[in-house]
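The structures considered in this document are given below.
Two complexes, one shared chain (chain A), two partners (chain B, chain C).
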Partner chain A sequence: MPIYLYLDRATALHRLHPGVKILALFTIFWSIYWLDQPLALAPIGAILLLAAQYSGSWSNFYRLRWLLLLIMFFTAAVWVIFYRQGSPLLMLGPFPISRASLEFGFGRAFKLAELIAATILFLSTTRVEEFAYGLTWMGMPHRIGFAVTLAFRLAPLFIDSALDVVAAQKLRGHDFSRGGPIARMRGYAPVMVPVFMGALRKANNMAMALEARGFGHTNRPTSLVEYRFRPADWLGVLALSALGAGSFLAYLLGYGAINVGE
Partner chain B sequence: MSAMKELRTMWQDTRMVVLCAISAALYAAVLIPFKVVPLIPGVTELRPANAIPVVCSFLFGPAAAWGSAIGNLVGDFFGGAGPGDFFGFFANLAYGFLPYKIWQTIGGAHSPLERSAAAFAKYLFTCLLASVLCADIVGWGDNLLGLRPFAVLGNLIVLNNMLAASVLAPFLLAAVYPRARAGRLLYDDLMPQGPRPPRGARWCGLALLIAGELGAWAAGNLISAGYWAPAFLPRAMLRAPYSGAVGVVVTPPLALAVLGVCLL
Partner chain C sequence: MPSVKFDGASSAPDAAPAVLLNRVRFTYRGVDSRALDAITLAQRAGEAVAIVGPSAAGKSTLAKCLNRIIPDFENGSLEGTVEIGGRKLWDWRVCDVAPLVGMVFQDFESQLFASNAASEVAFAMEQRGLERAEMEPRVRAALQAVGLAGFEGRDPATLSGGEKQRLAIAAVMVLRPRVIVLDEPTTDLDPQGRAELFALIDDLRAQGLTLVIIEHDLEALRGCDRIILLRAGEIVADAAPVDLMTQVGLLERCGVRPADLDRLCERLGISPHARNLAQAEAAIRDKFGAPAADHRSCPTGLQVSGAITSSSAKAPGAKGAAGDPTDAAPQGSDGAAGPPLVEVRELSYAYQRGRPALESVSLAIREREFVAIVGPNGSGKSTLAKHIAGLARCAKGEVTLLGRDRAGYAPAESARVVGFVFQNPDHQIFAATVEDEVAFGPRNFGLPKDEVARRVESVLRAVGLEALRGKDPFLLGKGERQRLAVAAALALKPRLLLLDEPTTGLDYLEQRRMMDLLAGLNRDGAAIAIITHTPWLVAAYARRVVMMREGRKIFDGAVREFFARQQLLADSSFRLPEVTALGLRLGLVALSVDELAELIEGRG
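Up next is the complex of A and B:
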């Protein structure tokens, strides 16, 4: 079962320093945060689409299309109901729907879709090791970075093991889709116990293997791969700073806000 | 040992680091493929994986707390994350830490495996407190960022976590706990235990935790749903998405709850 989103391509986005990629993710989140109106969010959406095209990440967007669409639909629906500002255009049962609530609801939907799109782009262009390296580079303690990397590496192994157990239980006649939510949830116990036990068996050996290789000897271990900060990275930092500042300026000047019209 | 010290010192032990990664990977491994019934499609679903942090918490203590936080992050990264995951990290840290920590205070002579009514009631109470604080943090954070109303996420998370903790976790715990104890993999076996905070301080912490998290939950729900408009807030804050109002009113009780955790 393929679960990693990373796509091995030789693009400038892939080659960026891991710290810059994390900064890019943060800056895009920051830039989206200040804008509410769907139209004001469009330029960032366009930047993300161009980046997806350039980095060849469309396959990941296609893979997660239903998630994106569902999130957009339900976020829009929830906020159209909860917003309750502006003069009502129509009543949806007890809920007044106004132009402002529609604008706000769709704005939130685009906002969340763009936030997720930014993450998909990040994961499509960043290896797990790069992510951990970037976090450590930004000051996160080495041991936490190691635990994050190890968790990313172990998760697919445990997923495979869980799917094997599911297949074995199905062969024995266990039906995971039978019953209501509580029965279904309880039905997962026979899957989770063997996976849990398999994981526990690994724990002691893994700890010994790590200590035998000097884990914990120093808090500043060397890395097999070193990433250098190149001119392209500085250019990236400049472009991201401009994007973040531009978005905040738009917010300060009142662009991107919803006009309630009262 | 105080709660914060435990969360810090566990990183000094290699086996605790490994158990943290294993808890995280297990959580993510069940989180990713087994999304049973969507509660709100695209927002949240019935998650059997939510039983893992509770079970791991009773086994590995603070390692499970970090594991729960990292596991949620790993799970979110496979399905697309957002800035709300920053709060999800700390919410899951609390969800994975509180069962172990609260049980130390209220569990008394009972084992989490005991099948008496009193022990099960204490177990459910422990899980409820952990679930509500988790929901408070995510609901507060997401509403603060204006992504989703507190009233939507805050309640769904409590329901979701309690279902997994009450329906699935007891079975897992009964199957796994004795084996982990036999393999000397419990937190108490791995890390030297310093003196616990005084009993009075722990009960005071528990009282603060309960008052803080219930206050935050009630205020978050009422404000974000538009049923309470505190008179002391400026008018500009009393408009959807109520980010400012939630920030001003929900933050103090939430801080009180966190102070309570520190005293446990």
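Up next is the complex of A and C:
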């Protein structure tokens, strides 16, 4: 099974300049940040759904469906219960539920889901090499840009290794849910120590392999793939600017905020 | 694999040696003894030099000195000079040495980091600032040279182990380095991957590349120009393969497994030693007489032509090795008794949206059996083991322990039936001391203190780690850590010990020690099942073989019968041990050098 999320497709989204893709990710984060209202977040959600359909990324959403659903469910549940603004519509046990708490809870859930969806889309359409190139293109030093992308390369390996460690300790009778909070924290040592030591070893091996293949020789590496800034990229920048500006304007005008006055 | 000359890879021999080490010494920080002690050697351009030796002999340390990983990545004191193509590497950075020395590491997961093969190969050129127009043809040529033409767009994560290592070689040779260093590149490969890699190495040699190959398997190194034998940081011997490989006693004293043919020739007094199976066969027939052209029945009941004698085969001579299997019953090997400890019935399993990892696999393992589970990577061996160990839920089919559904077992209960040892011992080690590591399982299962102490004492003695009980496990060698993992499983007193490639990354002595330990446990009553890629271990220790391919069980029977199935083995790229292959040419099914020698001498 592939350990990365990138899906090799020939769509316009895949062909966008890496700098524009990074800008798109940033702009979507920016736009989501200013909006709390579920309805105000809906257009961004619609854009992301269309982009997922167009880029053929549904398989990655399917792979991560439980993560998405769990985060949405628990976020919505917690905020609906604990957000104490607005007039109560009904009581859920001791907790008053208002229209504002419903809007806020579902707004938070949508926000998080959209942040994750934007990241999945970005990783589905962007190779790690493009990501590194884009960061360097935007002015980040090559070493730092590469290190950022390295985290994405290593994460799946660490997750695989962590799953093996958990399995190994379970076979030895380790119960992660035993005892109080401190005992439970201690109980993670049999997992954290091997994972951490393995991560250090792997990171060291990878650093050696990278340098042995010339990484660090220059701060301005070339690229096998040519990334041209095409008219479609300018169009993308314009659209993203409009989205970013529009959401900020909506915020300034109060359209994206939760109305607690009812 | 096509034999494609990689344009420019073969540099014309210079007057200066391709590699020159002059009195190189290296001591790791915090360690008293030297890892390398006054190593002096010269290697001509175009020469292929193999470095062999036991663990901690200094092989990898030597390799790392060639491209400045030592001292840049390893703390310690380095003395002496290293020259590549006449250039002293005093103040060079590792990244600057890349066009001179390319290095392929053992762990292919850590050396591939691009999202497709073309980018992986281009990486080194991008770091040198080469223009795209120059990179494209070189990427194509490098991939073609390693037999991966057409793989440009493939995600390296989806390649097989052998393909990954070949890609790693393409990724270093694309810079056309003067020297390519391969540091135990076959350790993590299955037989198919090993065969692919050695074919590539032969091809690179034929192209005149200068190669330094660190490898444990002497049989694969006959084609090299020289073999250097290292021990405790010193060069013990530096000779042509034909001269070094015949020094069977020296190799054994240095912890290197001599090739089967050389051991057999030594044992039978054949001189000079045969260099290949045909020579060995001719020399044996010449010395011991031509066999009758009739057929004889080998112990499995198979017909093997051209037998030299008619005696029945005996048990392999290796210490703790298997005796004769009860060949008539595939499930039965000598000593195997009683109802199954583990029974797998019609088990099928598929990873998410993937090809089935297991298809209708049925299997039973009984008390006192010693089973080897073999097959290429991805054939379903580990998935099968995970089901037996309780790490995967049966999607279709059934796994029972002692006749009861495995799903109904509590962890403490199942641990007394099946113990599982992962391939990488570092996936479980965390405690501050060896004895705490062993005690972890029994404590988790709530055993009383004195019982825990008794078990720790007993298993540490069994695995030979009693003297290291207070030591930090992270400071142990790989072989010791592997034995510690076995001890941790043994502490729960399982009736079946299941081990996933327990000898990977171990040198010959450590492999023998590990396998002798398992054979001893087996003699004491435990059933043993190992997943392995190492043919000689199967021949020397197992009594029954289960072979998997593409999720199906394609063979389940006695080890002797397994090695007689030449077509099956060839189809699965499972290389016969040299001694077994030679025996079959002579019409005998022999599992060890001693056994074949006795049969040939007519004493079997």
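Brief remarks follow.
The rule is simple: the second predicted complex is superposed on the first by the 180 of 262 C-alpha atoms of A that agree within 3 Å, B and C clash if a C-alpha of one lies under 4 Å from a C-alpha of the other, contacts with A are read in each partner's own complex, and residues count from 1 in each chain.
Criterion: a residue touches a chain if its C-beta (ideal position, glycine included) is under 8 Å from a C-beta of that chain, and two chains touch if they have at least 3 such contacts.
Source: prediction; values computed, not measured.
Shared-chain residue A:92: touches no atom of chain B or chain C.
Applying the stated contact rule after C-alpha superposition, one finds that A:8 touches chain C and leaves chain B untouched. Judged by the touch definition given at the top, the superposed model places A:174 against chain C, while chain B stays out of reach. In the superposition on chain A, contact is made by A:200 with chain B only, not with chain C. In the superposed three-chain model, the partner touching more residues of chain A is B, compared with the other of chain B and chain C. In the superposition on chain A, A:210 makes contact with both chain B and chain C. Look at A:189: by the touch rule set out above, it reaches both chain B and chain C. In the superposition on chain A, contact of A:164 is made with chain C only, not with chain B.
In the superposition on chain A, A:140 makes contact with neither chain B nor chain C.
By the touch criterion defined above, A:222 lies against chain C but remains apart from chain B after alignment on the C-alpha atoms of chain A. In the superposition on the C-alpha atoms of chain A, the part of chain A touched by chain B in one complex and by chain C in the other spans residues 1, 3-4, 150, 153, 157, 161, 189, 191-193, 197, 202, 204, 206-207, 210-211, 215-216. Those residues of chain C whose C-beta lies close enough to touch chain A in the complex are 67, 69, 72-73, 93-99, 102-103, 105, 107, 109-111, 113-116, 118-119, 122-132, 135-136, 139, 153, 155, 157-158, 171-172, 175, 351-352, 354, 386, 389-391, 411-412, 415, 419-420, 422, 424, 426-431, 440-441, 444-445, 474, 488-489, 492. Chain B contributes residues 11-12, 14-15, 17-22, 24-26, 28-30, 32-34, 36-37, 40-43, 46, 48, 51-52, 55, 66-67, 70-71, 73-74, 77-83, 145-149, 151-152, 163-164, 167-168, 171-172, 175-176, 179-180, 183, 185, 224-226, 239-241 to its touches with chain A in the complex. Residues 1-4, 6, 8, 63, 127-129, 150, 153, 157, 161, 164-165, 167-175, 189-194, 197-198, 201-202, 204-218, 220-226 of chain A are the ones touching chain C in the complex.
Chain A meets chain B in the complex at residues 1, 3-5, 29, 33, 36, 64, 67-75, 78-79, 82-85, 104, 108, 111-112, 115-117, 119-120, 123, 141, 143-144, 146-148, 150-159, 161-163, 181-182, 184-186, 188-189, 191-193, 195-197, 199-200, 202-204, 206-207, 210-211, 215-216, 260.
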